[in-house]
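There are two complexes below, and they share chain A, which is joined by chain B in the first and by chain C in the second.
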Partner chain A sequence: MEYVGLDNFFRLFQDRLFWKAILNTLLFLLVHIPLQIVVALALAYFLTQKIFIRGFFRASFFLPVVISGVVVTILWQQLYGLESGLINRILISLGLGRVEWLTNWRVAMTSIAIMATWKNVGLYVILFLVGLQTVPTSYYEAADVEGATAWQKFRYITLPAINPTIFMVVILSTIGGFSLFIEPYIMTGGGPLNSTLSAMLYIYKQAFEYYHMGYSATLGLFFALLIMVVVVVQKYTIEKEDI
Partner chain B sequence: MTRYFFAMTIKTVLPPSVLFLFLLLAFASCNKERERRGHALEYWSSNNGGEIQFAKWAVDGWNSARPEDRVKYQPVPEGQSSEEIILAAVVGKTTPDIYSNIWQGTVEFYSNAGILVALDTLEGFMDFIQQRCDSVTIGEITSGDGHIYQAPWKINPIMTIFNKRIFAEMGLDSPPQTYSAYLEAAKRFKIDTDGNGYVDQWFGNTSFKLAWYQRLFNFYPLYLAASGGMPLIKDNRAHFNNEYAIGAFRFLQELYRENYFSKQEESAGQDLFVAEKYATKWTGPWEIQYLERFKREGFEYSFYPMPVPDGHEGPIYTYCDPKSFVIFNTCQDPQLAFEFIKSMVGEEGDLKFLQTTNQLPRRKGMDSIPGFQAFFAENPQLQVFAEQARHVRGVDNCEVLTEVFDIISQEYEACVLYQIKTPEVAIADAERAVNVLLRVKE
Partner chain C sequence: MKPSKIILFILLTGAALSFLYPFYWMILASLTPESQIGELRVAPKELTFSNYALMFSKIPIWRSLLNSTIVASASTLGVLIFGSMTGYALAKLRFKGRDLLFFVIIFTMTLPFQISLIPNYILMVKFGWVDTMAALIVPALNNAFAILMFRQTFKSIPDDLIDAARVDGCGEMRIIYQILWPNIIPTIITVAIITFMSSWNDVLWPLIVIRNEHLMTMPQLVTLFAVGGRAEAQLGVKLASAVLLALPIIIAYSIFQKYFIQSMASTGLKS
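Here is the complex of A and B:
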């Protein structure tokens, strides 16, 4: 072991693959976070309605959250299979072309984001359910008296009222998204053409495939600081006063 | 009063009792460690069933012959890979004295880290190694500092397996040995059987994964076959920017571009070779036991060497996935550890190893050793591998070999799988990156 001073930090700034991994992670977040919020909010809104066996649906949407990430990833890998995957078989039987879900570099990260959303959305559905149930019904009654449309009620009452929940979901999704590892590790190994190489996967490879423990620790430290900066920025751009 | 006395007793006795128990447990652990180090050599093998059975046989034999020098045995603890477990053991200073399943490619890394015993400093080692291995193998395992840190143990040469029925139906009298013959056969075999517009029967398959070690089972054996066993790294420089590596990339690229090889990873429980959707694949002798267990009745297969460029002359080499014995420097009696290793890999031990694991010992002239003849006569499929074992290579002695293969793997992906680079550019880029890496390590 030798003392290298700040060499690992200089190396980090010249490491193109690390920056590619950071960019991939940000692209993942770009798909994953909006998708997660929209789907979770829609499902939560659906589950606040008086529907048949509501409890069953609430449990069903939460179920993937408690299943092991590795199990979910392996199952989705089968679903995304190029030749014999269920999704492609359905597409072909419908007369649509098959999709290279995990073997096309333009599609692979989106495929992973869809899977990650399916896996985690149940948790955020619960958070939104709590948020939606705290909005006083008197606001909606007043809006009805004023003749507001459903969209106006959602835009000007619901959204501002659940802003703290949205903020929390964004923060949790961001931190969870930055730690993207199991999915690319199992499904793609970071490929094709490094398009699904996440920052965490790259740090892992440096540590446990190349045994560059010092460098991977440097990457980890830098990455933690980056997450902190992103979360602080999100705090000042998303969080607003309650209505 | 009784209640008060009881409470006081609990209050005064309980804390020291807990402390005493804690210290007792702590010292008991320390004592156990000291006892292990002082009295018995510790040996770890790989954790597959056959090797566990063989290791137990070897350890029992040693312990009954030399009860005063007992060996304690256990399979390497479960983990994602044995390399990770060994690394964790090194960090925790809990390495065994002897480990028998180390990949040749990681030995240089460990020896440079100063955690292995130089075996050539032990009495009788050089005689042993010269008796067991030819000069090429000895050269291959000699470290950059001139010492030898590993004792070659076993190999699993990579060859082409083929479905005999399919080849017969295709009218192939002999296996397609050259690139052009292989591609021609692949073109004839590819078909869309269910008419959905997509090919569902391919001539072969090899892993589509990016992981560096997957190149040991497709590109690297093809490179060795084409080049007559040339190294990838020589004199601490990339040595692979040549017609053989470019030719292997071009061959593989065409297999994927023309859809002769499937791009799908097989799922657990799925085997498209057994399902006769693939006519060939590149694999090792482990396939024999597997197929004998899972093939359907009447399924016949055989093996032949890796495809080579047209006009290839001379023997066809391949990669042999070599594993070795090492002695860690935590061992208090390396000479005794070496004596134990020697006792495991004599002719009797190697024959037992063949019989229990269906893997080949790494020793010269294996197919002509009289004691092995009966075994190979009973196992003709393994005889093919024993003959191939005359022309095998391991890997180069390079501390950063994993990264070298990772660089090649990146270029393989760009060129072979996605065809965004020509073979010439991909190999040149890999050479450049490997040379930068090796200079950094100098």
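Here is the complex of A and C:
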């Protein structure tokens, strides 16, 4: 083994494709996390109501969570199909135009983020459900006496009470999102125009397509440090935020 | 029923459909002739197994099913046996450096896996384990999450039970597996489900250490089949392989649904 000092790090800072891959991954998180929180919170809130076959709903939201990402990706690759894809056929029959889900470089990463949300949201529904059940009902009763609106109740009672759950969901989906790999690997191979090249996919390609093991290990180390910094920053901003 | 309840019910039904219908569609499409998949909505005009037949002739899918079963079962068994040993030692035995050891284990949990992926691969190369089952099973025989789960559960068990067993002449192994295990069934189920599922669904690690088609796990084989040219851009065949990959988990999930949800939710809450 040859000792190369910091050469790999200098190379990393000049590697424009690596920085693009990091930006792509951050873009993915930017769509994925807010979408995930809103959808999971809404579904969890619906499920707190007493409603017929609630267990069935919960179980069906959770189904994609247990199924392999490989299956979900192969399935969604078809759903996103340009001509015969199910989603475009529905859009066209509704009189809306078709969308270039995977072939337009501006859209492709968002499409993958939507799919990832669909796959994981069931887990976060359950976590929010647990969080929502810890809010004492007496708070809502008191708010009713004061004449609070539904939005006020949500904003001033529910949201502060589930802040720890939101924090957990953000951290978990950040860590999960940073390891985005198999979805672009199967669906787009990183294209079009490298727009869905995630950092993890790039690290994999460096090691196992170009056989740059040492460089790939450097990228992995740097990327892991970046993940830790992002998570720590998130931790402090969310904990400070007294909503 | 109040009107608001009805709206809520419709919303939930719509959401449930958007999660279930794609899977239903996938199973049907895998049974539909290629030329008719494009029009498929609710029920196919004719059913065929030709997609499956074509897939069987192209890839050793049964072999990969066997491989996946071996790998997932072996690592689950390993994690239960070694994880509870480690967890027990950290919870109930006193020895020098115990807290430091526990701290190190927790610390490895907080490290992103990206940091160790390539070094782990190089380790496998040095061991000569690339393209062997050992590369898939041995590194998965214990993990920090299981150790943590077992440690927390063992901590909640009173020392009196263990002391009484010692007085009766039980060794540490018998204490763990015969005295303590029957008391921690929920933890065992949780650890088993999480380990089995993450092993069954893992695809990155197999992609890295296995190249021989006959040693590949099922998700790996299906991935390479879908990405490489061998499915010949035939959608039905790709979907058939995806259905076969999903089926064992769908069956297990429909039977043990409650345990799956509880286990996965508890891991989220723990971390």
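Quick note on the criterion: the second predicted complex is superposed on the first by the 238 of 243 C-alpha atoms of A that agree within 3 Å, B and C clash if a C-alpha of one lies under 4 Å from a C-alpha of the other, contacts with A are read in each partner's own complex, and residues count from 1 in each chain.
We take it that contacts are C-beta pairs under 8 Å (C-beta built on N, C-alpha and C of every residue); 3 or more make two chains touch, one makes a residue touch a chain.
On a predicted model such as this, the values are computed, not experimentally measured, just so you know.
K.L.:
Could you look at A:F57 and tell me whether it touches chain B, chain C, both or neither (first, second, both, neither)?
P.N.:
Second partner only, chain C.
K.L.:
Going by the contact rule set out at the top, does A:G190 touch chain B (first), chain C (second), both, or neither?
P.N.:
Only chain B is touched by A:G190; chain C is not.
K.L.:
If you tally the residues of chain A touched by each partner, is the higher count for chain B or for chain C?
P.N.:
Greater contact footprint in residues on chain A: C.
K.L.:
Applying the touch criterion given at the start, work out whether A:G177 contacts chain B, chain C, both or neither, answering first, second, both or neither.
P.N.:
Neither chain B nor chain C is touched by A:G177.
K.L.:
According to the stated criteria, A:F208 is in contact with first (chain B), second (chain C), both, or neither; which is it?
P.N.:
Both partners.
K.L.:
A:L123 in the overlay: touching chain B, chain C, both, or neither? Say first, second, both or neither.
P.N.:
second
K.L.:
With the two complexes superposed on chain A, say which partner A:S84 touches: chain B (first), chain C (second), both, or neither.
P.N.:
both
K.L.:
Identify the overlap between the chain B-contacting and the chain C-contacting residues of chain A.
P.N.:
74, 77-78, 83-84, 189, 208
K.L.:
For chain A, which residues count as touching chain C in their complex?
P.N.:
Chain A residues touching chain C: 43, 46-47, 49, 51-52, 56-71, 74-79, 83-84, 86, 118, 122-123, 126-127, 130, 168, 172, 175, 178-179, 181-182, 185-186, 189, 200, 203-204, 207-208, 213, 216-217, 220-221, 223-224, 227-228.
K.L.:
Would you tell me which residues of chain A are touching chain B in their complex?
P.N.:
By the definition above, chain A touches chain B via 74, 77-78, 81-84, 92, 98, 100, 103, 105, 188-194, 208-211.
K.L.:
Considering only the defined contacts, which chain C positions touch chain A in the complex?
P.N.:
Those in contact with chain A are residues 5, 8-9, 11-12, 15-16, 18-20, 22-23, 25-26, 29, 37-38, 110-119, 121-122, 197, 200-201, 203-204, 207-208, 219, 222-223, 226-227, 235, 238-239, 241-243, 245-246, 249-250, 253, 257, 260-261, 264-265, 268-269, 271.
K.L.:
Please give the residue numbers of chain B that touch chain A in the complex, ascending.
P.N.:
It comes out as residues 84, 87, 109, 196-198, 200, 208-212, 262-265, 267-268, 270, 400, 402-403, 406, 410, 413-414, 417-418, 420.
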